[in-house]
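The first chain written gets the first letter, and so on, giving A, B, C and D; residue counts start at 1 in each chain.
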């Protein structure tokens, strides 16, 4: 069964399962448990021009079938990343997607420019959920004009395939998607985490050091599927879907909702080998539901495709 | 222990636990299982000027610790409600909150006007998550100007205490809250459901008859707490919090995050008596965490209150 | 009508067919049920699971719940053992009214639609003796045939794959029955497409009552999740399967 | 260093104090652990639970996990029985290095911080004999005192409520020890405020190594959830408790 995925600018994945940014570090940590070479790709922890220190602890908190995190995009900066971290993934022949972050449009462009022509970097993922400093701490991903500006600046400095990662914390994700498509994005990845809060009752304060945090895990799957489904009808570029994926059946749901590939995050903390297991199970699951390839399933639940209505039980 | 709650315009609840709109019908259905008189209040299913038919089935779908519904605000219209449904709740001495809906600003005002001076109606809850017809099907709750317009129109025709129920599906819930406060809202209730989608893999289509649906239940609790926490810092009117509450401890979390009272919805489907159980358990839980009343706990996790940092284990 | 939240111990868990289990549970309240009513059962999921009563033994205060394992909820239920306690709301809904003893009577069940018909047969046997048509996908999955025979009733079986009885659906035998029994009454339960076909076949020939399935929220009439379209006084309207149903006169419904 | 995902059967579940359980599990891989390393254990929650090894029996391929029941995860663990299998990542992190045999050595444990110190004592006993100070809230919760005694070690106990040993925290006995043993080395594990106090007390007098707790995500260094502030080359930086720790030289850390 053909599970490969062809994406813009020649980006090809051997299967649609990519490790989600921030949940897989820069690769070596999980390499003891995960067969990295077998993954469709790896999106690394967000990388900024200079090192970021991140937020105070606690940085994670459990919620009902969800996980709140306020890591705060701690990272060693792009130079250290290229010297110390990228080589490992390159040696594993991983399809490396560099997740880029910045506090200003210019910082995004700096990282994008620095990654261009770096051997081993297959694509960029522009994380526009970072607080922007200039506009008062709101995120670039919450305003179509700012999202456009970031993508435009990135496009000008790179030939790499670029995906923009959408925030679900907006009224109309489709509008942001259209803005970045217009600015030259090759793909959309969605969703980043939902903004949430937990209360530490005993200490009468927000549980996370960063006060609010990003909600991930199975709890957000219905929201993620909705955003993918909505964005798939708003733009003409491919979508990489994510949010709460834990099984091969979940992957199929995202494909049907319009994603061409997926990313898998939080479940890896529970089950380090789960991505490999999903990749192994996927052909069987596709077959069971009557699909001959990954491509075959993409978007089949979107309006306009004749739904297969079951007869009998 | 004092668990009563005093709200604007003389609205007083004997305790902070209100049945959430749409999950408790108009009262009689659950009266076999629930002691309605013991509840803090009952928010009834959304009521419109004329009957609404609602959406095709399936109308509910389970998700990981969440529930998607696309009931579509089916209701018999305000006249039937007043004749056939309100009398029952009035007889139970319930504090009845009428949840009002409309497709136009004028329809909201019609229901509000009709409810004014109706014996047995204690307050109105303006549900601004309905699709508005005039502006192309987006909801009134997703735009501050439209939210303002609805609340303004309602305010002009009623002296009743009015709360506006916020949609979490917006970039800045605080802005909507400020708009309705400016329009004369006495309170905010939050949150309504998150927009989500489930896929029926077998039939290759969205699972719900209404395609997308509203996500409720424990899965959304962190998002609900975040919205309450954010809105509590945006406005000066009381907040009724909800979203995923299943225990007395959950109630305390909402109080600490800034809510004065709460509503309880989805869990009632599993455990009809849960609201009564929560009300019974609440004094003990408050006491355990060092609070002498419900009022005592409200907003204690908001910034500016000295957090109690625990010493030792 | 009586309906409560009860904690009902399991008296017996028996496999009745591959992937089909019957639980016998003890509850005086539930044993007041009418045939066609259902239990709304707490499982680890977010919603309770509706299951019809397969047996109603008022004398011993016991009822049966027979179900197919189709997902997490029914799998969990199938693993419950003697002595464990189920949290149930019930009996819920409106069941089958007594048949008119002056008219021929036929029961048409498909798959797990059969059990509530058995409950109806057992309850109303003293008034009238129904003919019984049971459909299933395959021989293994023909439910309760022996139970009906134990009541002294004739049972016609149809299987999709022809491994038992007639090859094909219940519609063949039903057509024969309708021809042989003008002005009869039919009680049917099974998959929705089957009920639609039964309803169409009966039109103008027999009075049909159908027990419907629909995704449910509350199970008790509050949430409006479980509706079906029906002919209203003036225009189409929704009725609640959990409250006005699950049993409806077929002609009320818009198929 | 070795570390794997292992499925380790439980050999024994024993109550060691009210609300405190020790599980003995069988795993050749885990029994390669250093004292101070931890197991990251799958429970029904969204995250695994980190628990230090209380015993490391390389010969028999067994390790111990001693924990207090504080929430859903530890409650679930406490209910696991002989023969059930735990899904564990480990051994993880950096543990206690061997003490310098030329210097006096003291172990200071508070509450469930005691077990990893016992593992350290047992491992390094052939090099050096530590003095042991155990703190707990109350007499019932003094952990492993007899185990240390069985190693032939002197144990000083302190309880907050004075129900056993010194009334008060471990800081009293530690102060005495520090005065009696200039240039000593202290291994400490317990609640963070205790470790901060131990660290401050040792400053300029003894070398302190502390085993920290922090909320963890992955447990293996990828997610950056579990950091603590430490003195970097130029400015403050974060270190990962799961990877660079849980044992740190106290002077590295910014308290």
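FYI, contacts are C-beta pairs under 8 Å (C-beta built on N, C-alpha and C of every residue); 3 or more make two chains touch, one makes a residue touch a chain.
The structure displayed is predicted, hence computed values, not measured ones.
Trainee: Once the contact rule is applied, which chains count as partners of both chain A and chain C?
Mentor: Intersection of chain A and chain C contact lists gives B.
Trainee: What chain lies farthest away from chain A once each centre is taken as the mean of the Cα atoms?
Mentor: C
Trainee: Suppose each chain is reduced to the average of its Cα coordinates; what separation in Å results between chain A and chain B?
Mentor: 33
Trainee: Which integer distance in Å separates the CA centroid of chain B from that of chain D?
Mentor: 47
Trainee: Could you state the distance in Å from the CA-based centre of chain C to that of chain D?
Mentor: 60
Trainee: List the centre-to-centre spacing of chain A and chain D in whole Å, with centres computed as mean CA coordinates.
Mentor: Chain centres of chain A and chain D, defined by C-alpha means, are spaced 37 Å apart.
Trainee: Going by the contact rule already set, what residues in chain D reach two or more other chains?
Mentor: Expected reply: no residues.
Trainee: Touching two or more other chains, which residues of chain B qualify?
Mentor: 63, 65-66, 217
Trainee: In their complex, what parts of chain C are in touch with chain B?
Mentor: 3-5, 42, 45-48, 89, 214-228, 236-238, 243
Trainee: So in the complex, which bits of chain B are touching chain A?
Mentor: It is residues 63-66, 68, 142, 169-171, 194-206, 211-213, 215, 217-223, 225-226, 229, 244, 249, 252-253, 256-257, 289, 300-301, 303, 305, 307-310 of chain B that touch chain A.
Trainee: Under the stated contact criterion, what part of chain B meets chain C in this complex?
Mentor: For chain B paired with chain C, touching residues are 22-25, 29-30, 32-33, 45, 53-54, 57-63, 65-67, 69, 71, 74, 217, 266, 268-273.
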